Amino acid sequence: MFELKLEKESLFLRVLEAILDLVDVASVDFFSTGLRLQAVDTEHVAVISLFFRAEEFPHYSCEENSSFCIPIDDMVKAIRTADVDHNITIKVDDENFDTITLSFESPEGNITTAYDLRLVEGERPCFKIPVWKDLESNYEAFVEMPSVEFMRVCRYLSNVDDDGEISVTEEGLKFFALGKSGRAMIKYEKTEKATVKLQMQESVSVTFDPKYMNCFAKVSTMFSQVKICLSKTQPLMVECKTALKSYIRCFVTPKAIPEIEEEEIIQGHSSERTRKTKD
Amino acid sequence: MFELKLEKESLFLRVLEAILDLVDVASVDFFSTGLRLQAVDTEHVAVISLFFRAEEFPHYSCEENSSFCIPIDDMVKAIRTADVDHNITIKVDDENFDTITLSFESPEGNITTAYDLRLVEGERPCFKIPVWKDLESNYEAFVEMPSVEFMRVCRYLSNVDDDGEISVTEEGLKFFALGKSGRAMIKYEKTEKATVKLQMQESVSVTFDPKYMNCFAKVSTMFSQVKICLSKTQPLMVECKTALKSYIRCFVTPKAIPEIEEEEIIQGHSSERTRKTKD
Amino acid sequence: MFELKLEKESLFLRVLEAILDLVDVASVDFFSTGLRLQAVDTEHVAVISLFFRAEEFPHYSCEENSSFCIPIDDMVKAIRTADVDHNITIKVDDENFDTITLSFESPEGNITTAYDLRLVEGERPCFKIPVWKDLESNYEAFVEMPSVEFMRVCRYLSNVDDDGEISVTEEGLKFFALGKSGRAMIKYEKTEKATVKLQMQESVSVTFDPKYMNCFAKVSTMFSQVKICLSKTQPLMVECKTALKSYIRCFVTPKAIPEIEEEEIIQGHSSERTRKTKD
């Protein structure tokens, strides 16, 4: 059906490892040009969408398009046991349609290790993630920053982690988080020679849950640059790209500002936070 | 109101980090000459008292004496997120009387991070810790040892951790701990060239809970020497000093030997350990 | 009664540390020629049997044969607190028959640390582990491999950890594990120059619980080679030896293949796994 080879320290595996914090099962589509992985976190707030071109792998073959639901947590755990110099092969055979096989081969070739992992049964989740051309036109502001800088921001915000906000205005870029212990604010002034590049049609401010940023930060460490796309109507998007234009996009639904109803105020309770999916 | 600057790797911050095991909120008094921090652990057995002179900080200004109750756990957590080369400023403004602001500035100056942490409300705890002249006259024996040696002792005692005892006699210094699994004993003979210096008016033996020693050991790693003061009537005191005579003093109330009442023995229960505060 | 000296980084202590995962109390017999330690895990599936010759220790003296039940977990914890350059003495006195004393001496000799640990009371467990000549004749197949290779196998199997199987056949050596997430298989082809040596009278296949292999793998890291002995009637044995012919042998009872009764199948339950001790 399909077969790909890769190294233990490959970007693809490190990205899978990073997204395990949010998702453990992913829907994967294999095309002749590459593979697409999509996954949604258990709280249905974050969506991971990844496309890796065939050229990213030392070997990639896919005779016919196929789709599987893969337990990426089991897969990553199994691959962790491989030696660094092992050649790792991942494949699904026509005969064993319900199993994904990982095999490790020692450079000498006389020792073989194989894991047969059960594919996840049932309806694979379906995401309607629009292609990029569509996406770009829907976003009003774009931030590009070194991933080192993005990680620093996530580290700051993680400390005060109840409500997060990113805003891009004429003055520059601002991150803000509010928590029980206080609030955090990081400001980047718009300067010519700044490493943080801003592009905007109009001022945008997007709320989000800071906890998702930590996973995105982890993913971003594997890339040099991060692109953040902000829109008043679309989920916040964080995108990283390889030199070969493979990409991973992390979407997070904005946090709805809780609408406190009168009755609740009277009772002295704050309303439970609700989320609105804007799609 | 007051403002001080410091570096991430400063002694002051490392001391705060070390005492977090015991306390999360501290009462802090700002004077023009320096700051005093006092805190008591939740079990009311250990008291931390610290005085850091203004000269210990790259910048320190305090226009009028002021006192706050500071969430040092939140403060330390926030400062942990700072970069090593950041300039850290801590201040309370006259306008925002209920907030302590931490701000980090990158060396280039175009990125600013600020945390506004809520000060702890309510009556600040009041400790009547006598000044040093008073203290010294109340103690009967003094031990000075390299903090490396003190840490070693704490490591030994932590292993058998029910009841601790320090005693200073003509023969030398003895640490002793008794636990379920057995007992531990460390003896330092009194020799001329020993790194452990003893000074005594009379033999003193003080009981303590070994778990507090671990926190004191952590604090002591930031200093080269530790002074232990023993008294039959005062809480055990462990003191460390800087070259500028700033100090941190850790007091721990002696463990009272449980007085087992007859009734309890009959019921087959051992009495709950009680503590007597000797003040 | 007996006294031995050893260094903190000695093989003996590192082996004790490794077996702590399985056992916390051990029956130890002191002979003039060396000491024998035997322990069984709480589930009564694994047995550790160790014999260390007197020559392995810098000092070893045993005037008359004696047997104790030693809390090796407390002993290892206490020894962990010793400094690397300390001389460690372990002894049981004729006077303190219920206590094992560990003492650490600094090279200068002016600081002494001593732990008195309570020996475990009660009947000491009795194992009838036959001596080696007996054992060898009862096993049908033998595998010798570098411990590095054995650890790799254990790492693979630990990932899919419900049911393990080792088999030695004419084709070579095969490890197999089956779990909820799938199955793992490692094959070593029988080649002339392989680092894995096989010796067999007939094909043998032994089931085991992979979780025990991790502890054995830990033990094996202290040795260069591992010998695995397989039999249709004896517990699986993993043996490591020192240059002086001291040894540690780990036995694990084969996992019985669950006999699913009809009634249980009807009720939709799988029977609880049972173990049969073959002795």
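Chains: A, B and C, in written order; residue numbering restarts at 1 for each.
By our rule, a contact is a pair of C-beta atoms (placed from the backbone, for glycine too) under 8 Å apart; a residue touches a chain by one contact, two chains touch by 3 or more.
Predicted, not measured: the structure shown is a model, and the values here were computed from it.
Judged by the touch criterion defined above, the protein chains are all mutually in contact, each touching every other.
Under half of the residue numbers at the chain A-chain B interface are used by both copies of the sequence.
Centre to centre, using the average C-alpha position, chain A and chain B are separated by 44 Å. Counting partners per residue, chain B has no residue that reaches two or more other chains.
Put simply, chain A touches chain C in their complex at residues 71, 74, 77-78, 80-81, 83, 99, 110-118. Chain C meets chain A in the complex at residues 152, 155-156, 158-160, 181-189, 191, 194.
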